[in-house]
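Working notes, beginning with the structure itself.
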């Protein structure tokens, strides 16, 4: 990408931003209250249903994914259209753990093999399923596999100075190839059906309000941690170098910075955060399937960030929550028309609000 | 079951001693019965050699044979219904006599016998084909007679094959060997099947059959290689068509249009509309497909202009934002088409000249529709190159690409050129839609299947190079098809994607890299 | 370029907050009064919209029809339509929304197995009631789901038996072509075991899988031709899913594979799928279902009339999953009438043994295995895109949702 490409400045005009920050903290506080309100009696005016808890838990995971994308795109200028793949890989790692925990409770009562392997006639567990019965191992894999893949793809790409649109297209091809691969039943990941019907996690039976609340808080905690981490990076020297990479990579290279290493490390970190989001997402929604790898999903996640305002961490969260809330509402309220509204929103935001919703709270600035 | 019993009962009631007249009628009567009875009756009618059998069997094959409640057979022709045997006008239409595959196979043999001496070349060829498939030693004299009279070499070759197939069924070893020799000289997979069947039936000629099969296999291998190459070219031509429009909008203008697939979809829907509009005009209806090409170009070009002037021009220089915005546009276009035309597939009828197969030398068969699409892709490529090289618009477009400011100072209205370029690229996508409608679903989701492949082709070939796009498309098509028999369709596709990713990192600018200032952007 | 956004910040925030709070603010509806709510959980966008929108329309038609007859238990029915958008996690979310927010009494929905698997835990946890109207691979039985489509023994096995019969051409070599997902994989595993039991060796079986929406069938059709040149009568058994069928049939027609030579029988191709194809080159190819639009029965005549007057488009056809939706809906209204309540447990008990005159011309019965008894019909494609029924079982067949051809079922723990 050329050096002239305009990017919004990262941290300016903090005063109107205070409104935004207040909003963010207030929003997170309300979120944190939801499972408590859920425990109120049904007829209480403040009671919220399980549905609200479950669905906002999902949005929290999406918000973590949006943070990860924002870190790579908003700060380092790496627009990956394959972050859905890292998210899905993290989800699959957790899904494999959940499948192993079903144990003999599957319909065929096989002590080790998941149902889908049994009725497709598999006789033993493939080697890459080993170890997933242990939670720490699964969690490690949920971070390591996306990280390694991002490291490989990033190393190949950044080394040959593939940037901008080309990088976007390559990452899109990556997630597309993975989708095709995971759809294959021979891969041993359940093909199109993926993993469902989980029973428990960490000794806690899923499908109870208590479990949902626990998962909800775990996701919220992860969101907070990811937010703090990203904020720390953004404010550190690394953050400034990232912005410099985004705005004038060649110049930075001439100054002696190893831009490849900088980009690679932030890309890998971003992929690991996305993997974590996926790992939290799967027990919350109760299913993981190759559809998560579909290129459209990744683009949608990028659009959340664009809608919220890239280059600001608050913007990523705002975008993920508002777009998904809108989608949840519209798919019930206007099932035939919601694509118009959502599509129209994407067009309007890119056209009219180049700095996203967060830009509304910041002082107008010339280019 | 009940019908079968009735039929048996009615058969028993027919006096056993019968004259020729009654015999024909008795033979024809079961055509109104069960499928088994039908198949046997068809075979007997074919063997009888009675000329009255032909219209009866043709009517049965074409679904024009009807029956009344009492079993009287009727033939419908040109809107009139007559009694099949007497020719007298029928009181009213009866129930259409339905057949199944078994009856259809019997009909093919019987009609083949009856039509082998037809004055029409095409009918004789079809008859020979039917006899080749139904193969019975009883047909040997008939085929020999027909072959002796045949003057058209192509039909004669078919008759020879049919004769060989019939000889294969003969009880006489020498005759069988003659049949084996003829079949062994062909390169037809069907002949191979017949030989294997004969080998399983009797051991006396096994050595001859083995040699014949080995000979066929050698030729089949060559033939399959040629056919795989054709399949690769065909896939490549689809990729080329889908990617060409993108090569213009992305390669020349730097606009990432995620709604490109939807442009292809709109082109396919235009084809449907043109076809439906022309349905009432018989002399034009046959031309609906060629007429769809300019129509699709104009429709999608118009949408392209609207898109460029209304939205995209505000985002020049920010390709990633364009990507996100056009993703939204794609969503809107898809849902709009779904609401207007329905989510179901729309039917596109292929004209007769695009159906069936064409046999090339060496028995290589290629499907007509794909052959036409390859030609179409090359023509569209040629026109695109010509438009860019030799027209004023092309000149201005190249000028704007190379240096927008200087082009503007030279008096070129760059905004207009941008709009026209985008319209041009979209129009090409629309024309691709016309071709795609001939092989794929016409549904609102049509575009999503092409967008990633198109990007891959453009990036692989080299952004901004039409020659690169063409070579890229055909290379990917061929590689994909050559991998497919080994790896299966999915792994082949994954391998191609991974291959492109690795290739891009070796050569980030693709096969044909642009040099100079333009490449730096 | 910066453009001022005309909408005030407050309005925007208000909209976002409203969307968040929407599910929470709802009128407290007492159960047992007001309309009976019928959830409709079919994709209206995305890849499955092509098949599922017709089922949404069928449910809406049935609701309208039932209301004209005075509703159920003296209460009107009210349909709640949501769009799960062919997105499987969204199916689970929407199922929870239907049950917890909209408090539906029954849901008609899902097409793909994965969507059913996705909503299953939700329906079980919240004790909802789902009617699933599509033929599927079996190996499942939930107390919260009534399966009104066919199990493999009600479709696949009779179809292959027909191909091997004299009428079907006496096939001795079978090409199993399918889309790579669970339904074809399981069905083909069952079929392979069945074929082996009929003396057909593995060498005479070809199994090929393609991805969803596969559009280039040249190679596979050529391979089938090659496979057919081994001197034995060959047939194709297709479990190719929805979208991929049009290009598959076009390639079959164009490569000149005639039904007399290599007949193909499909399990996922109905009237709706054929609407997008010129069927003249395909005459004689087969499909196996439990209902065809061309079936001649009084109930079907009424069903078709109802559909035509509801959809107001003479080109729209009826198909098997629509008939299964119809049958399931009728059965549910009968069961509710008998149980005198919409409470799930009572309705479930009332469902067992419930009988309905289905449009297929047979009386179908719901058994305690939550599956319907169904007749098997084999139809040949006709020139007009309809099917000519060439074989049907004399009676409705009981479903074997746990296939005896899957050996693991022998040591399966008894399902609840």
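First chain written, first letter: the chains are A, B and C, and each begins at residue 1.
Methods note: contacts are C-beta pairs under 8 Å (C-beta built on N, C-alpha and C of every residue); 3 or more make two chains touch, one makes a residue touch a chain.
Since we're looking at a predicted model, the values are computed, not measured.
Enquirer: Leave out chain A only, then trace which of the remaining chains are still linked through touching and list those groups.
Expert: one piece
Enquirer: If you tally contacting C-beta pairs, which pair wins, A-C or A-B?
Expert: Pair with more contacting C-beta pairs, A-C versus A-B: A-C.
Enquirer: In terms of Cα-based centroids, which chain occupies the most central position?
Expert: Located nearest the centre of all protein C-alpha atoms is chain C.
Enquirer: Rounded to the nearest whole Å, what is the centre-to-centre distance of chain B and chain C, using the mean of the C-alpha atoms as each centre?
Expert: Their C-alpha centroids are separated by 29 Å.
Enquirer: Can you check how far apart chain A and chain C are, centre to centre, with Cα atoms defining each centre and the answer in Å?
Expert: Centre separation, chain A to chain C: 33 Å.
Enquirer: Counting only Cα atoms for the centres, state how far chain A is from chain B in Å.
Expert: Here the centre of chain B sits 44 Å away from the centre of chain A.
Enquirer: Residues of chain A touching 2+ other chains?
Expert: As it turns out, chain A has residues touching two or more other chains at 180, 183-184, 336, 339, 351, 354.
Enquirer: Hey, what residues on chain B touch two or more of the other chains?
Expert: Within chain B, residues 314, 334-335, 490, 493 contact more than one other chain.
Enquirer: Where in chain C do residues touch at least two different other chains?
Expert: Each of 1, 44-45, 180, 209, 211 in chain C touches at least two other chains.
Enquirer: Considering only the defined contacts, which chain C positions touch chain B in the complex?
Expert: Contact set of chain C toward chain B: 1, 44-47, 49-50, 53-54, 166-169, 180, 208-211, 213-216, 218-220, 222-223, 225-226, 228-232, 243, 246-247, 250-251, 253-256, 259-261, 263, 272-273, 275-278, 281, 284, 286, 316, 380, 382-383, 388, 390.
Enquirer: Please give the residue numbers of chain B that touch chain C in the complex, ascending.
Expert: Residue positions touching the partner: 35-36, 63, 98, 100-102, 104-105, 108, 133, 189-190, 192-200, 220, 224, 227-228, 231, 234-235, 238, 314, 334-335, 338, 342-350, 355-357, 365, 367-370, 438-445, 449, 481, 484-485, 488-490, 493.
Enquirer: What residues of chain A sit close enough to touch chain C in their complex?
Expert: 23, 43, 47-52, 54-56, 58, 107-110, 116, 118-121, 180, 183-185, 191-194, 196-198, 207, 285-287, 289, 291-292, 321-322, 325-326, 328-329, 331-333, 335-336, 338-339, 351-354, 357, 360-361, 364-367
Enquirer: Which part of chain B faces chain A closely enough to touch in the complex?
Expert: Against chain A, chain B makes touches at 254, 256, 258, 311, 314-315, 317-325, 327-332, 334-336, 339, 448, 452, 455-456, 459, 490-491, 493-494, 497-498, 500-502, 504-506, 508, 520-521.
Enquirer: Going by the contact rule at the top, pick out the chain A residues touching chain B in the complex.
Expert: It comes out as residues 1-2, 4-6, 79, 153, 156-157, 159-162, 164-166, 168-170, 172-174, 176-177, 180-181, 183-184, 295-296, 299, 302-303, 306, 336-337, 339-340, 342-347, 350-351, 354.
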